[in-house]
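Here it is: the structure, laid out below.
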Amino acid sequence: MIVVMSPRHTRAEREGVVRKVEEAGLRAQVTEGVERTVIGVIGDSHTKELLREGLEAMAGVESVVRILQPYKLVSREFHGGRDSTVWVRNVAIGGGRVVVIAGPCSVESPRQVIETARAVKLAGAQLLRGGAFKPRTSPYSFQGLEEDALKILAEVREATGLPIVTEAMDARQLELVVKYADMVQIGARNMQNYTLLRDVGRAGHPVLLKRGPSATVEELLLAAEYIMAEGNSNIVLCERGIRTFETYTRYTLDLTAVPVLKRLSHLPVIVDPCHGTGKWKLVTPMARAAVAAGADGLLVEVHPEPDRALSDGPQQLTPQNFAVMMQELDAIALAVGRRV
Amino acid sequence: MIVVMSPRHTRAEREGVVRKVEEAGLRAQVTEGVERTVIGVIGDSHTKELLREGLEAMAGVESVVRILQPYKLVSREFHGGRDSTVWVRNVAIGGGRVVVIAGPCSVESPRQVIETARAVKLAGAQLLRGGAFKPRTSPYSFQGLEEDALKILAEVREATGLPIVTEAMDARQLELVVKYADMVQIGARNMQNYTLLRDVGRAGHPVLLKRGPSATVEELLLAAEYIMAEGNSNIVLCERGIRTFETYTRYTLDLTAVPVLKRLSHLPVIVDPCHGTGKWKLVTPMARAAVAAGADGLLVEVHPEPDRALSDGPQQLTPQNFAVMMQELDAIALAVGRRV
Amino acid sequence: MIVVMSPRHTRAEREGVVRKVEEAGLRAQVTEGVERTVIGVIGDSHTKELLREGLEAMAGVESVVRILQPYKLVSREFHGGRDSTVWVRNVAIGGGRVVVIAGPCSVESPRQVIETARAVKLAGAQLLRGGAFKPRTSPYSFQGLEEDALKILAEVREATGLPIVTEAMDARQLELVVKYADMVQIGARNMQNYTLLRDVGRAGHPVLLKRGPSATVEELLLAAEYIMAEGNSNIVLCERGIRTFETYTRYTLDLTAVPVLKRLSHLPVIVDPCHGTGKWKLVTPMARAAVAAGADGLLVEVHPEPDRALSDGPQQLTPQNFAVMMQELDAIALAVGRRV
Amino acid sequence: MIVVMSPRHTRAEREGVVRKVEEAGLRAQVTEGVERTVIGVIGDSHTKELLREGLEAMAGVESVVRILQPYKLVSREFHGGRDSTVWVRNVAIGGGRVVVIAGPCSVESPRQVIETARAVKLAGAQLLRGGAFKPRTSPYSFQGLEEDALKILAEVREATGLPIVTEAMDARQLELVVKYADMVQIGARNMQNYTLLRDVGRAGHPVLLKRGPSATVEELLLAAEYIMAEGNSNIVLCERGIRTFETYTRYTLDLTAVPVLKRLSHLPVIVDPCHGTGKWKLVTPMARAAVAAGADGLLVEVHPEPDRALSDGPQQLTPQNFAVMMQELDAIALAVGRRV
């Protein structure tokens, strides 16, 4: 059960609610967000039900909501059944257009990024991605250029006008990413890093939240709930492949998650066909399929010379292949009543 | 290593090859198909390599092929890099058109089937499906109307002109299915029932081979190889969802398998979005995605009253929803240069 | 709901039950086994409940059972909470002793089998396994010596007294296996081959039923239910590894399935650590673990020269390693109050 | 390739190595640990090989190691093939004894912890666990008593002498945990939280590293490598179940990982049968199996009143059941030549 406090409740009103909950032998979990404060009531179901009407009558309480689904703020019902739109600077994700975020896996040099950025913008990309801090399975793999990469990205934004998306893995990186970039990516490995989710929730910056490779759809929504419970509702969900027994592809891209997430939540949903497949030749067909399934956008890795990339070469498109993909997406987007 | 015998080789020539192989301490596995005979050479790699040129020089031998991939006849290379087309009566699967196979999960009554058949034909389906023998997880579930169902299907074909696809699970059922139907389905649970694969290979009838829920792409191709090694190349592959940890959907539809199979094999590939998702509301978006990914067709369950169906109700479309889906598919098919 | 007919019911009594069920708008599924006839009642739950008492009162009806779990005859409750014991000739599986079934993956020659049999018997094995018909992923792999292998196995039984276990994949093979061997194995790939399950149910021979690599525990029990519904209750269940994302081992041995199956069912449960791991060095620790988890036995592959085996060499023990394993099992068995 | 610097190398020597690597067009990744500094050399294999002997000859270089396996410091070879032992205060994990870590999932009150601690100590547990910071899938679930819990744990250590293990999820929590507890747990969800791994590597405190539910054995070892590359080799690995399609149990306990990890690495390996199964009735048989498979210890949740627990009630043992389990483990440990 969740007690949603009204926007202008007083500290005394809140403490009154907590006291009432605790006197009933239940536990109160206060979550203060930027926009609202919610008080989770934890404990025996029957006791909670007995308490419900009393809580609703208290001053400062907006509503008391039984939760059937374990997530609440991110659920479609909570947003009146409507889609929400996330703005990253002047780009809207979750509106009518299919938004393509493109760029290299890792930032390697100013020239690599500016070349890629110009090419992907020309082909129709609306946001630029590029890794500054790289989560690598091995400690001996290239770990990213860090703040230097962020500076390169910011300069390329000046030159091209493309807003920037890049990953942060901890509070320190988050501070830097918020300073330089327009949207912060929470990577698949950190989808259940609750401290980071809370931090990014408080930062208020637009968030690209990637599904963990073994996370259910419900767990992805609960991770988003952590962010939104801190008052940040600028969240874009991203399907990027789950772990299965199939070894031909790097992961198994779960495209069914797109219509499922759209039904359960109001948040925009995009797809990463590069990590999802691990093979660049499979990226374009799966990008087409993602849009046909209803995705609000795509996250695509593009590198001027994939065979020289410092990370994930086999799954990055050349600018030429990216341009071909964008043309094919145009046709699919039209077929589902959208534009790229 | 495989020795492909020339079409008009003699028995003596074949026996000569077998003898030579066995004298080298290797084992010969003769597979006689309708179109060709191939002799698999089993044993030590080095010995095989030494023997190769000698075998190639023998009378009656067309070619000796090293196998890098474990499947051979179904590989794209074996068919000169071209797609193959499978004809089911007057319908071509694997040509330019997207072929939709539709009908109820189980045949329940003449009226149910004829109503469904007329509706799906009107909406653009080209083949009719309907289960006569049902593989059910529980022995106490409805097991199908058996031969009565086949008779109903045959009558409906007379009335509508739609060729018939239905499943067989053993040799006796196969005999009946071949007698009444135009294409035999090998279900997911029987994908590695090698006896049945051989039987259907010898039967020569067009085959719809469904991927097992825990089969890799390579294992699916090897199952098709069993059929083709018996001389039957009229095989259509079908992706229908794999088993993963996700529980919101019945299976996880692995749409990436579509471009993967098309790259590795010349055989047509279709998709079953009903079993793959288990929820009818997800069928249409995943059908659109399948066509966008390059599928040659779809297998869709349609029932006049899904909530009264004797099997798989929750994943069957009504005729009305099917008609809407077909319209949406038209647009997607055009976007990828095809027609439904 | 299941109507269990009394052992000496008449045809008229049975027809009366079927008529009553059908008049209520429900469907009756008659399953005639050797020991008993059960009539599954399929359809609306409420109608079934209304009908229940009436059915119980009918002549020839022993009991009417609501099924909460989808399987019934194999459930522990059905057997009064007690373990059942399966006799294979003079060997009891499911009693106090841990029964080890050992032998080569494939029968290759009389000498190979007799050598292995003598060695494993000396070390304490109680049954001999050996493949005559081999289910192979590739049609070009060695497929077994077929009836010749069965004859070798039968001769070795004469020489050693060890009862024989071997696999059958279809009705024709089953007939031969029943003729020569003492226990028929249904392999993992055929766990949901319902025709074969029914055939083996009617054959009445002891059955070793292996869990499919993507089958849940419930599906394994339902497969056993198919066999038992035909009147054959001589079933031993076998855990042999499931498919997961882990690639270091061939499968992931799900040892938790052992206590789970023992809780849910009265049937004996054994473990195959060879297929489950795919690496002989892991076989002994996992065999120990299986016994510690409560397994009633083990299925272990032993070959005099594993590196020359025609199938599954890397996972077969040498007779020497097998003898070491047996000694270690002795200690574990004692620790859980059993003997090998 | 890894350049291992000698313990007393100078800054100039290190810079010389980096310069040489970069002049060859390769990238140098310097990792400074407490005990040693290693320089990962990243780039083209051929160039690396050419450079190898030159690097070995440089001042300050101890050795240059080709890495065949992607992990190095945690590999068994690196430790001369011997097991390593991790000391937590006066308790050795990885020596001859099977070490049992027991205690409640969450710290809820002083009384709950002291009661549990006394009971588990009496039954033979050597370390006390208890959650202060709880990673919960939902933001509305009980999140732990935080520093209050740590204080309770420290008091109970005074009273009982049992060293304390508890989880930290970020740098701030880590600081507190290091202050109060004797071993820090990195939970399954944070197994690839590289920032946290580095932090815990630098902290030098003993670490209990749990395998992520979708992590391969290799990825677990690489996560440990992150910690060890920072100079902390006091790492205990923990198998706690992986995600599969099976739904009867919460996860699938991958006990084969125990002998696999012991073969590949010198680090001690323990098993958590509570999370691995999710059902307390399965804990004891799987604990027995873990010890039989060669585990160096167990992590077991014990709660005086599991049905009133604030987290994970269904998988916690009562003190009584725990005592029974410990007795059974004694017998198994003896059977594999160890003691509990």
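Which chain is which? They are A, B, C and D, in the order written, and residues in each are numbered from 1.
Methods note: contacts are C-beta pairs under 8 Å (C-beta built on N, C-alpha and C of every residue); 3 or more make two chains touch, one makes a residue touch a chain.
Since this is a predicted model, take the numbers as computed values, not measurements.
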Self-check item: Partner chains that chain C and chain D have in common
Solution: A, B
Quiz item: Which one of the chains is farthest from chain A, going by Cα centres?
Solution: C
Practice problem: Determine the centre-to-centre distance between chain B and chain C, using the mean Cα coordinates as centres, and give it in whole Å. | Solution: 30
Quiz item: Taking each chain's centre as the mean of its CA atoms, how far is chain B from chain D in angstrom?
Solution: 47
Practice problem: Would you mind pulling out the distance in Å between where the CA atoms of chain A average out and where those of chain B do? | Solution: 38
Self-check item: chain A: positions in contact with at least two other chains
Solution: 214, 243-245, 247
Practice problem: Using the touch definition up top, name the residues of chain A that touch chain B in the complex. | Solution: 214, 216-218, 242, 244-249, 252-260, 263, 276-277, 281-282, 285-286, 288-294, 328, 331-332, 334-336
Practice problem: Name, in rising order, each residue of chain A that touches chain D in their complex. | Solution: 2, 27, 29, 31, 40, 42, 67, 70-72, 135-143, 169-173, 189-190, 192-196, 212-214, 219, 222, 225-226, 229, 243, 310
Quiz item: Of all residues in chain D, which touch chain B in the complex?
Solution: 243-245, 247
